[in-house]
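Multiple structures are listed underneath, in structure tokens.
In what comes next, chain A is part of two complexes: it sits with chain B in the first one and with chain C in the second one.
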Partner chain A sequence: MISFLILISTVVCFSAILALALNFQWGLGGMVNFGMAGLYALGTYSCALLMLKGGANTFFATLGAMAIVAAACGVIALVTLRVTEEDYFAIVTLGVGEMLRLVALNEDWLTKGALGLTGIPRPLGDVIAPEYYQYFLLGLSVALLAGTVWFLNVIARSPFGRIMRALREDDVVAATLGKHVLWARVRIFAIGGAIIGLAGSLHGFYYQYIDPTQFSNIVIAYAFMAVIAGGRGAHQGVIWGAAVVMVLLEGSRFMKDLIPVLDSDQLAAIRIIIIGIGLILLLVFRPQGFMREYRLQVNFK
Partner chain B sequence: MLSAEKVSKSFGGFQALNGCSIEIGAQSITGIIGPNGAGKSTLFNIVGGLILPDSGAITIQGKSIAGLRPDELAKAGLVRTFQISRELGQLTVLENMLLASSGLSGESVWHNFWSPTRVRSEQQQAIAKARGLLEQVNLWQFANEPAKNLSGGQKKLLEISRALMLDPKIILLDEPTAGVSPLMTKALGETITKLRADGLTFAIIEHDMDVIAKLCNPIYVLAEGRTLTSGSFREVVANRDVMHAYLGKVS
Partner chain C sequence: MKKLTRRKVLKRLGAAAALPIAAPFLNLAHAQGASIPIGVALPFTGNAGAYGPDMAEAAKRTAAKINSAGGILGGRKLELFIEDSESSASVAANLSQKFINVHKCQALVGYWGTPEGMSSRPIAVQNKVVLMVSSAANAITEGDTQGYVWRFQMKATDWGIVIGRAVQRLGFKNIGIMGLQNAFVLPIMKTVEDQMKTAGRTVTGSLIYNPEQPSYRAEVERIFGKKPEAVCCFGLLPDFVSIMKEVYRGGFDSKVIALSIMADAEGKFIEAVGPQVAEGIRHFQPMPDTSAPGYKKFLKLMGAPDDRVYLFPPNTHDQIAVVAMAMEKAKSPMAVDWSKQIIPVCNGPGQNIDDVVDALKLIRAGKPVNFSGAGSTCDFTPNGDQLGRGMGHWIIQGGKNVFVEYAKP
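Coming up: the complex of A and B.
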């Protein structure tokens, strides 16, 4: 049981990092990202391939994955928003995401296609004894999650964070007040991309085996649920959101023991239903989410 | 200071502007009046860089500003407000103000990590400036409120104050007194007069003829996308065409 709790906590950590990336791009910056699953796959595969084929160590592979996803996101934003309205941006992200997933599935020479990549090295994997490794990985994940929250909070509270929230509401006003809308959006999307790359790298370290089926579009749904449940724009809230979604999802596996009449197919469907009902209840009783985004408060004197 | 010459713009089959010309002199308070649909707001949208004209030239101090984005125009000293308030409702009143301050190093992501003290002190200066402006319109007490909670008139005042945060040279005000109480309208008029004395240039679209009569000279009358006439308030109201445009023809 302890071991299960540690594993689920690790999953919560990298799901939360992914949700934080979406919260940054969409929650704060108003840029919908429906290509999340594909970009997440890009991060995971980049990290794994940099190690397996590029010979990089885990640290540089992670940095490399972050840079690759950030660059991909920056290019998507730059190319799309330069020529179209933001409404089309969502569609482009969806298309790019699907494209990346198909590359992972079909380019056998690089990704081994549906067979997936095995034997992904882990940080300090040959130093730490296997029986203790899960504790280390949990610690590392928690530390990276904390670092991500700190990093994103500094940005959210900064003048740049103010521009992000302004763009989410009314980009015309932001432009009228002297803000370069396109450049700001490119930066927002690229920074979010770096965080997706980080989450993807951790995903690889955790599973040690990756294949394209792990990056189906349900990943996007979970991330959106975590952001909506946690409160749009509120980073700490989103961690709780991710925790609730993952605990409901993974915890509901134990229903089998409680209600033995269910077979595994029914159970799988019921788990998704539970998530849906949970989200509806949340939106009915607490539509603003668990927490509220940061707002500058001054004291009068 | 700012001139628009023979500007035309059509939306589909509708000719919103049809060879409209205006000239906004330095340190003037230029009034723009005209019946609904005359093209006043379209003219502001074109001058402000939000939409491109089909034809015509727009210059600031002799330099063409054709094709410049709104943010480039803002850096050149031109700012506008909107007919229907466009406050950023999720941001606090103070954050709305701070958004408009230019040259904060914290708008570059990395400065917030490399030199946080500088970012903070710049923010403090900007807050002090915003406070001064907000106190003039009795909004400082609401500094921490999300702007969506303000009343309609207060939103108008916030928008004008926010425009002033940019230290502009030219301000285009689109119906600044719509929904503002008479007392506040008077205060607003005084503020505009004072700022003009400090060197600012204004162009105002307005339907309140008292405001126009008190503040503006010259006044341009637009109708059906053209400049009907221009001159002082006295000259303009004496013009028969203006009476027709506003009140309809007398048979």
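Coming up: the complex of A and C.
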């Protein structure tokens, strides 16, 4: 059981990192990203291919994946926002995400298509004994999650963080105050992209096998669920959001052991209903999410 | 309304999270008893959701049959943990981890579909646990599986051999081929295409299409537009439904050859498109030899009528039976030991036998057996590919599936 909890906690960590990326782009910066699934796939595939075909080690492959997704996100934001408005940007992300997924599915020479990539190397995989590896991977994921939160908190409290919130609330006001709206948005989206690349790399390390079916649009739904449940803009809250989504998804499997009258196929249907009800209840009783966005407060006595 | 502080929220969250996490502990005494846990991952939801319930029923009835005859290894009972794989690779991988780490299973069975099998394969090999899949893609058993991965299904290239031969016998001079971008479809397409070319027939066109498109008009135009005598289409139910609607709308009259998971899918295809569109479609699928005594016994076990054709549940039955027999023969519940006994009990040499309870008796008496199951004769190559399973061939006439023949590769 402990092993299973450790493995699920690892999944929570990289789901949380992915949700943090969305929280950064959408929660703080106001840029909707419906292409998460495709960009996540880009990160995972880049990391895996840099190792399998490029011969890079896991560290440089992860950095490479972060750079590739960041560059892709930067280009998407630059090309789109130069000529259109935010509403169209959401549509473009959706299209690009789908495009990336189709490339992964169809370019056999590169991604092995529907068959997927097997035998993805893991960080220090040949140094650490397999029976202890899961502890190491959890430790690594927790450290990276903590690092990501720290980094995002620093940005959120910096002048750039204030520009982000200003853009989210009203970009015309920000422009009037002399802020370069396009350049700021490109940076927001690219930084979020780098974090998506990090989450994608961890996904590959964890599963060691990737195929295009793992990057269906449900990935976007889970990320949005985590952000909304956690509280838009609140980084620590989003971690709780990701954990709750995961506990609902995986924990509900154990209901069968608690309630023996439930049949496996009934449970399969009931699980999805329970997850839905859980989220509805959450939004009814806590519409602003678990935590609130950071606000600078000064006490005058 | 009471004020919600962060601490209160955290407390409540903690309590909510503790319930599902504590659940398995409450059940621990149960799992650690004398029973032998077996993990069963089946699709109850997702694109293969139609097949899970019957496979689960087969697994339960087979385990109950073995248990009521005294279990294995001196009276230990089989205990099944049946879970929904959601027809998804990542869910199947998480389930395999749950089976191995929470329930301490040494046998993972079920695993309908290639992505499910592929994602669980490294986990099974790393943990030295046997994985028995119902997936067709060649890659499942390729490379070094260390004797832990066993396919209870025909290999995809063998599907192609049977279908290609039937297409030639039906006398089609030229055909078009279209297939879903999917790991089990591509080897079938390639085999059919190669066979047609070696036989001197023409392939007018061949294309691979993507899943989940709202329309397949362009693809249909490209393949059917060349007016081949027949079109072989390989994929899954949802894409085939849209393809056949386009074909009907476009008024194309090429004969259509498909798989039963597309053109039958437990009756769902005809329900979706109506008998007019479905008329004349021929479909193929690996199936049990319905005349085999092992299959007839399986029908009795399921309480089904004599003419019922089950495609996948007999394999689930065989998986559970083989696990039980191999454990009994190895006198050990550990996969490192009993995985080596799978070939001896399935391939023989020994007394031919098709009933798992009788086979267990013989094994206990120290006699060699050669087991034939409900889904096939249960013979394997050393790398885990199943031999001796054949394919059924049906044609849809007047909204009904009419059985044509049964053929082996």
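In this text, the second predicted complex is superposed on the first by the 288 of 301 C-alpha atoms of A that agree within 3 Å, B and C clash if a C-alpha of one lies under 4 Å from a C-alpha of the other, contacts with A are read in each partner's own complex, and residues count from 1 in each chain.
Convention: a residue touches a chain if its C-beta (ideal position, glycine included) is under 8 Å from a C-beta of that chain, and two chains touch if they have at least 3 such contacts.
None of the values given here were measured: they were computed from a predicted structure.
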{"item": "Touched partner set for A:Glu86, first chain B, second chain C, both or neither", "value": "neither"}
{"item": "Partner chain in contact with A:Glu169 - chain B first, chain C second, else both or neither", "value": "first"}
{"item": "Which partner reaches more residues of chain A (counting touched residues only), chain B or chain C", "value": "C"}
{"item": "Touching partner for A:Tyr209 - first (chain B), second (chain C), both, neither", "value": "second"}
{"item": "Touched partner set for A:Ser158, first chain B, second chain C, both or neither", "value": "first"}
{"item": "First, second, both or neither for A:Arg295, with chain B first and chain C second", "value": "first"}
{"item": "Residues on chain A lying within both footprints (that of chain B and that of chain C)", "value": "none"}
{"item": "Complex contact set, residues of chain C against chain A", "value": "4, 6, 9-10, 13, 16-17, 19-21, 23-28, 42, 44-45, 52-53, 56, 82-84, 86, 88-90, 93-94, 97-98, 100-102, 114-115, 118-119, 121-122, 126, 137, 139, 181-183, 186, 208, 210-211"}
{"item": "In the complex with chain A, residue positions of chain B that touch it", "value": "48, 50, 69-71, 74-75, 79-80, 82, 86, 88-92, 94-95, 98-100, 102, 104, 106-109, 112-113, 119, 123, 127, 140-141, 143-144, 146, 162, 166"}
{"item": "Contact footprint of chain B on chain A as seen in their complex", "value": "154-155, 158-160, 162-163, 165-166, 168-170, 172-181, 187, 191, 293, 295-298, 300"}
{"item": "Chain A residues within the chain C interface of the complex", "value": "1-5, 7-8, 11, 102, 105-106, 113-116, 118-119, 130, 207-209, 211, 213-214, 216, 240, 243-244, 247, 250-255, 257-258, 264-265, 267-269, 271-272, 286, 290-291"}
